[in-house]
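Shown next, in structure tokens, is the structure this report addresses.
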Amino acid sequence: MSLAPIIEYEQAPAEVRAVYDEIMTLRKTDWVNNFWKVLANDPPTLRRIWDNAKQVMAPGALDPLTKELIYIGVSITNACEYCTYSHTAAARGKGMTDAMLHELVAVVGMANQTNALSDGYRIPVDDRFVP
Amino acid sequence: MSLAPIIEYEQAPAEVRAVYDEIMTLRKTDWVNNFWKVLANDPPTLRRIWDNAKQVMAPGALDPLTKELIYIGVSITNACEYCTYSHTAAARGKGMTDAMLHELVAVVGMANQTNALSDGYRIPVDDRFVP
Amino acid sequence: MSLAPIIEYEQAPAEVRAVYDEIMTLRKTDWVNNFWKVLANDPPTLRRIWDNAKQVMAPGALDPLTKELIYIGVSITNACEYCTYSHTAAARGKGMTDAMLHELVAVVGMANQTNALSDGYRIPVDDRFVP
Amino acid sequence: MSLAPIIEYEQAPAEVRAVYDEIMTLRKTDWVNNFWKVLANDPPTLRRIWDNAKQVMAPGALDPLTKELIYIGVSITNACEYCTYSHTAAARGKGMTDAMLHELVAVVGMANQTNALSDGYRIPVDDRFVP
Amino acid sequence: MSLAPIIEYEQAPAEVRAVYDEIMTLRKTDWVNNFWKVLANDPPTLRRIWDNAKQVMAPGALDPLTKELIYIGVSITNACEYCTYSHTAAARGKGMTDAMLHELVAVVGMANQTNALSDGYRIPVDDRFVP
Amino acid sequence: MSLAPIIEYEQAPAEVRAVYDEIMTLRKTDWVNNFWKVLANDPPTLRRIWDNAKQVMAPGALDPLTKELIYIGVSITNACEYCTYSHTAAARGKGMTDAMLHELVAVVGMANQTNALSDGYRIPVDDRFVP
């Protein structure tokens, strides 16, 4: 079980329900996932993180699917089980195909490998790479 | 300095020059960055990693720029200085704009934050997220 | 199951029982948690880690609860499930309230976010910060 | 050099100057550190992160110095050079003594050690630790 | 469940069966572990990773057991549950005794501790250590 | 510069000199590296870590060079610059050849890659791997 209880809509105070409503409206769905239901134990954090997520994950110079793929890459690298499952589901909902998932995981694996090679040899940064 | 010397083209054996030539040809450039010049101390690893990179980073279901963005996200999360500089330069070469860089870094920051929130509360994975 | 068996008091050799007794006495409790029961497979390591823990976690310039909060912050960042659960319980035992837990997790999330932002832009350290 | 330029007050647009002014006012100082001057390349992120930091680091159930200590523990664990220097300076400004710094680093080292021991043996979480 | 299905031998295409056969032949066993059965969803990645593993883990200047011990050390540090279990089993198969496991875990714990101490104090690299 | 001063032998108190003397005697050398000279700011930690290191790194079921290789693997994975340089030098002193270094780095790279693949697909642990 989580280290703070899961707060269901029925038991939630108004400020929490307001965030849950925004989540369901933006996502065009009728449920809220556990991440938000646990953050709800601390309503100011719930509001802050949701507002951050809306701003950061909105379409911009990068499209929402690309952002999800980057998010998954970070989550895998941090070995975050919850985030790997939840953002893979989110990416699926935004159009990630099986082929895209496989290429994503392959890139993440490759990057972790060459990060280690670079750190292992302590390779100096080429002058041309420094702005 | 790196923990193994930088091998310049002039001093490199034929099998290493062959990889350097492939790198310059594929990238349409006349230089090779330090990563490969240090791996060249171990020619079989140089060949293996280059062949891996070609396969993994080739256009596929994901375009090369998207792959570079994911690569940078991993490199930042691992605090890999060399890879952050080199792959940011690579992404620039493939069309990454300032606006895209800023959104990339913001997503990576956000993902690292919510990874920690999820791990901190040990939030259980929602059944709907599990295939 | 763990990669080494859990050693119960009854089956433990004298040197292991001695550590278990110290743990229970110091903590004013009648049980020992799995961490120590698995380390008991290697009695010198059990003794060494317990002596380390006693020294490091003792009251000093920082009080024991503050030390537990720092411990949890590290454990979350490393995605260590066991340590997150065990040190959260320890912190509860030393007076951590719900409000403190929520602030702790929020700080850990924020730190992970700004670590990534700093590493992503490779921000140079200000001269004033260097002693 | 950083991957985005350092934006000085003189060249900054109004929305950035507003954040710089808030930083200097809250901190009762006449300078702004590089972290914010690089985030300033992306004004909405600068505003968002600053507002986050103000909320998260404000006095609450945990005092500001305790929050800084936790922040440093995370930054060390992530090997974030910039954040380790900047938050150590911040903690000094809030009263961290030499003795406190040494105990902090010792706790962070110990936590990283026992995280590895727990993950190495894959120790099962004790039932009593699960709420 | 995994984020891609487990591909059994019976349902696998010829190129996947060929890798499974190589794995079983090299390991002198009649089964294939889940790692390869999930990679099999992406046959080129399955082939690439297997060829990499064969090359990297082959006897050379380091013997296969030493390589497995290093592999486990990395896997523990990354908190990778699957790899910790699978490579501990592999090391057992190559002769790792209980005593060796305990020393391995102790070294990994110690290294994680001193990594944190070094990063916490930001200790400058001694000139003598730089080639 | 480091976040605590480097304590030279001449200025060190007796309890610190005693540790420096032990280090030089055990290593058959006439100098002490910065790691210990910075820990010396906190003599009890200096003594504790040195005693830990002596115990953990002593010859046992694993030989000292194997232990150094594992240590380097962890240090690379944590992107710890100081430890990568210092333990590579230590391994050199214990007989690590160029060929061994290259194989070590290749294994560490491979492990980081497959850790990511396993975490990316969230591959379930095979029953046979669980003791």
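The chains carry the letters A, B, C, D, E and F, assigned in the order they are written, with residues numbered from 1 in each.
Criterion: a residue touches a chain if its C-beta (ideal position, glycine included) is under 8 Å from a C-beta of that chain, and two chains touch if they have at least 3 such contacts.
Here the structure is a predicted model, which means the values were calculated and not measured.
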Greatest separation from subunit F - chain, by CA centre: A
Copies subunit A and subunit C touch via same or different residues, half shared test: different
Inter-chain centre distance, subunit B versus subunit F - centres from mean C-alpha coordinates, in Å: 27
Rounded Å distance, subunit D centre to subunit E centre (Cα mean): 34
For subunit A paired with subunit B, centre-to-centre distance based on mean C-alpha positions, whole Å: 21
Multi-partner residues of subunit E (at least 2 other chains): 1-4, 49, 52, 56, 74, 76-81, 84-85, 88, 102, 104-106, 108-117, 119-122, 130
Residues on subunit B engaged by subunit E in the complex (per definition of touch): 1-5, 44, 48, 52, 55-56, 130-131
Residue ranges of subunit E touching subunit C (in the complex, touch as defined): 79, 84-85, 88, 98, 101-102, 105-106, 109, 116
Subunit F to subunit A touching residues, read off their complex: 72, 76-77, 79, 81, 84-85, 104-106, 108-117, 119-122
Subunit C residues touching subunit D - in the complex, by the definition given at the top: 1-4, 31, 33-35, 38-39, 49, 52-53, 56-57, 60-62, 66-67, 69-71, 73-78, 80-83, 85-89, 97, 99-100, 102-104, 106-115, 117-126, 128-130
Subunit B residues touching subunit F - in the complex, by the definition given at the top: 3-4, 41-42, 45, 49, 74, 78-80
